[in-house]
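Inspection log for the structure reproduced underneath, given as C-alpha cells.
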C-alpha cells in the first residue's frame, strides 16, 4: 500500500473531528476528498503531514507509520502540502518562499532544476520572484503555495482547496497545472469544495460528512451521483 | 419594511477587497440566508454589521437609524445579537453563566449595589436568572445548566451560543454557520429552533454551508462571491441560477 | 556642540548595548510570541561570567591585549548560549501549548531564579572589572575627545548586528528562522524542525545578550546582580520601539533609545533618566503599538 | 460546595481570631504583614484574577495611597484613618488616568506598561515631585491611628485591625464576584470578543476593575503607612508588584487562594530565616514548576452556584409563549 489512513481518529480538546476514517491512495493517482465546511477535510491532510496527532489509528506511507514521526520528517519522506489559505510567508520574497520549499534538500543542482520547472509551470512567479509574497494577488499566492510544495520534490503532493477564492479562469489553469504535475508521475491528494472540477480531474474520490467517510468511488461515478450534487446545492443538480 | 439595510458596504484588508460594494435588505420577521463559496466575505459582512470591523465606506441602517461606527456592545443593546462561526463560548464557565452573559446588557446594577446586596440588585439577578433559564429551555439545554461550557458536545455548544444571543433580548439575530459540525438529527432540530426564533418575532440572518438547511428554512437568499453580491432572491430561483451553480459546483472546466 | 557630540556617541554606545539585548527579545518573541523576561538576567550572567573569566582565570593577562578580551567574549557567548538553550528546554518548552499567562509567569520565575542565583554566587555587592583590560586611550575626532572604548563599543555592536542581519537574511537557517516566526505550521510543512529553530534562537539571543553584559562591564567598569532588570526593560522598550519581532527594528530601536536617553539626561534632567525610557515605551504603545517598523495587521475574529 | 466554602472561612476566622494569643510580638507582626499583603493581593485579584488583565504595577496604586496618607497626616495633621477614603480615591483617580489609554493593550504589552508605570512612580517619588514626597528618604513621623479613642500601636492591635479589614474585603469582594459585575470580568477574561459581542462594555469594565483594585490598594496604603510610621520609595519597588502578582497566580485567583498564597510567600520564608538569601531562588523556581505542573494555581476559584428558578416547560416551536414569558426578564 502506497499511502493509507487507517481508522484515523482526531480530537481537538473534547471534540472529535474525525471519527475513524479509512482512505487509501495508490501511486500515481489523483484522489480527491470532498465535503462541506467542517467535514474534516483539512484535518485529514494535516494529520497526514503530522501537524495534528491522531488519537487513534494512523497514517502509513509505504509501510512506515507517518503519525509517529515529527512533521519535518514527513516532509523528508516525500510528502509536501500546499495548505488551506495558502499560508505563504508574506514578508519573504517569492524566491525565498520557493527556496524554503526545498529546505530538506542539499542537492543544489536538483533544486535549480525544480525551480526552473516551477517557473515554467507558473511564469508569473518568475516575473515576481523578488517581490514580497504578501503583495501577490490571491491567484499568484496559490501558485506560489503549490510551487513551494513542489520544491520539496515530493512523491505525494497534498493540495488543500487550491481553488479557494480564485476566479474560475484561474481555477481552470491551476487544475490544468495539477494535471500536468500528475502526468510526471506525482501522486496528488486534492481537498476541494469545487466538487465538479475536482472530480473531473481525479481518478477516485471520497466524500466526508462531519468526520466520517460517507462515500468512496471512482471520480466518474461520484460525478454522476445525484447524492453528491444534492450535498452541494440542496438537490439542484438535475 | 426592512429592519436591516446594508448600503454600498466595502471593506478591504491590506489591498484585499473582502467586501465589495454590498447592498441588501433584511425585512422584519424574515429568515434570510447569506450564502456563497468559502472566502466570499460572508463572515466579514457579519463582522461589519456587529461592529467588530469598521467599514471603509457604505452604511448600515438598523430600524432606520445608522449603526455604523458604534461599538459592538452598543449594537447588541440596540437589538442585534450574533453567534460565532468558530464557537466562542466562555469555555471555563457554566452553561447558565454563559446564558447570563446575554442578560448583561439588559441589567443595570453595578459595583456598589452588588457589594451592598440591595433588594433591587437581588431582584434583578433573579429576573436575569429566570430569563437565562428560559433561553436554555428554549434551546433544550436546561438540564446542562451546571455543566462547564467546554464539556458540552459540539452541537450543544452551538445551541448555547444561540441561547446566549437570545438572552440579549434581540430583535435581530445573526447566526454564523449554526449547523457547522452538527449531525443530521441535530441539524433537523436546529431547523425547528430557527423557525421558533422567528416565531418569537425575531428576524434571522444566517450563514450556512448546509444547503438543504438553507433551502428549507430561508425565505430569501443573498449570494456573495469574491466579496460582491452575486444574486438575491427566493431559494427556488437562486438554486436554478446558473451563476450560483457555477460559483458552487465550479465551472465546467471543459467549457 | 562638544557636549552634544559627547552625548550622541555615548548614546550610540549604550544604544548598541540595548540593541544587542533587544535582538534576543525580538527574536524569541518572533518565534514564540513570548516575552522572555529572563533575557535581562542572561545579560547579567554574561557580565558576571566575563568578570570571572577576566579575574579568576586571568585570561586577559594570559593572552595579552585585545586577543584576551576577544577570547573572553567568545567564551561568554558560548556559555550564555548554553544557559539560554537549557532555559527554553526547562521553563518554556513544557508550556508551549499552555496559556500565555503561564508562559509569562514561568519566564518571570526564571528571571527571579537567575537573578538570585547570581546574587548567591557573587554576593549582593557590585563587582569591579579589572582596569587594565579596557583601553584607556582617548581619540580626538575633529578636535573632540572621545574615549576609544566608546568607539570600540559602537563598532562591536554594529559588527555583531550586521553579522546577525546577514545570517538571518542570507542563509538557509536564517530563512528558516524568519519563516518560523511568520507561520510555525507552514514552516513545519517545509520540513523545518521548528523545535530546533526555537532552540537556535534561544542560543543566538542569549549569546548576544551575554556579549552585551561583558561590554557593559568593560564600559562602566562594574556590574551588579540587578542590572539585568533595568537593561532588560530598556532593551525591551527598544524592541517595541522598532516593532517587536522585527530584527532590523530592534537594532534601530536600541540605537534610537540610547540616543534619546543620553540627550534627555543631558538636556532635561539626569534624575529622570531612567523614567525617559519607560515614558517612551508607554507613549509608543499608546500611539503606535506595532512600533516604528512594524506593520498593522487586523485581528482575525 | 457552598457549605465547604463557608466552613473553611469559619475555620480560617477562628484560627485568625485566636492566633495572637499564641504568638510573640515578632510573629504577630509577621501575620500583620501577611494580612496586608492579603488585602493588596485581593485587590489585585480583581484585575488579574477576575478580569485576567496582566497587571504588574499594583505597587504604584499602593504607593499613591500610602503617600497621600503620609502627606495628609504629617503636613496637615489629618488623623490617619480619616485619610483612608482619600487615599483610596487618590489611587482610584490615578488608576483612571493611567489605565484609560493602556486598557486596550494585549496581555503581555499591558504587563510591560504597568511595570513601566510602577517604575516611573518610584522615580517620581525619589525626585520629590511637587516637593511633597520627601525624595529618596521618604516621609517619617506618621502618627498612630486612633479608633474610637483607642490608640493602635502594638503589633497585636494592628493584627486585629488588619485582619478585620481582610474579613471585610473578602465579604465585599465575594458579593461582587457573585454579581453582574463579577461575571462581566470573568467573561472578559475568558473571551474578550465574545463578551463584547454579548453586550458587555468590555473597555469600561476593564477600567472599573483597575479603578476598584486601585481604590482598595490605596486604602491599604493608609494602613501600611500607619503601621510603618515611615515610608520611602523603596517600599514600593517593582519587586513588591512581583510578589503580589505571584501571590495571586500561585494562589490560583480565588479569595482563599490569595490567603494561602500570601501565607506561603510572606509567612513561610520567616520559618526558614537561616536560608533567607535563598528564598527568592526557591520562589523563582516554584513559579516555573507551578506553571508546568499546576498552571491554574493552588486553589482556583470554584464555579459559581446558581439556584435556578422553578422550571416551566417550554416547547420549541411554540416560541411565542416563551418570548412573552421571557420578555419579563428584560
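The letters A, B, C and D name the chains in turn, as written, and every chain counts its residues from 1.
Here, a contact is a pair of C-beta atoms (placed from the backbone, for glycine too) under 8 Å apart; a residue touches a chain by one contact, two chains touch by 3 or more.
Chain by chain, the UniProt names read as follows: A = ABC transporter ATP-binding protein.
Source: prediction; values computed, not measured.
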{"item": "Shortest chain-hopping distance from chain A out to chain C", "value": "1"}
{"item": "Distance-maximising chain from chain D - centres being C-alpha averages", "value": "A"}
{"item": "Distance from the mean Cα position of chain D to that of chain B, given in whole angstrom", "value": "39"}
{"item": "Separation of chain C from chain D, taking each centre as the mean of its C-alpha atoms, in whole Å", "value": "34"}
{"item": "Interchain centroid distance [CA atoms averaged], chain B/chain C, Å", "value": "48"}
{"item": "Shared interface positions of chain B, touching two or more other chains", "value": "14, 52, 84"}
{"item": "Contacts with 2+ other chains: residues of chain D", "value": "193"}
{"item": "Residues of chain C that touch chain D when the two form their complex", "value": "34-35, 90-91, 94-95, 98-106, 108-117, 119-120, 229, 233, 236-237, 240, 269, 271-272, 274-275, 278-279, 281-282, 285-286, 289, 301"}
{"item": "Footprint of chain A on chain B - complex, ascending", "value": "14-16, 37-40, 150-151, 153-154, 177, 180-183, 209-212, 214-215, 226, 235, 239-240, 244-246, 248-254"}
{"item": "Interfacial residue positions of chain D with respect to chain B in the complex", "value": "172, 175-176, 178-184, 186-187, 190-191, 193-203, 208, 212, 303-304, 306, 308-309, 311-314, 316-320, 322-323, 325-330"}
{"item": "Chain A - residues contacting chain B, complex", "value": "13-15, 36-38, 134-135, 138, 161, 163-165, 167-168, 171-172, 175, 193-198, 200-201, 210, 229-237"}
{"item": "Chain A contact footprint on chain C (complex, rising order)", "value": "172, 175-176, 178-179, 182-183, 185-195"}
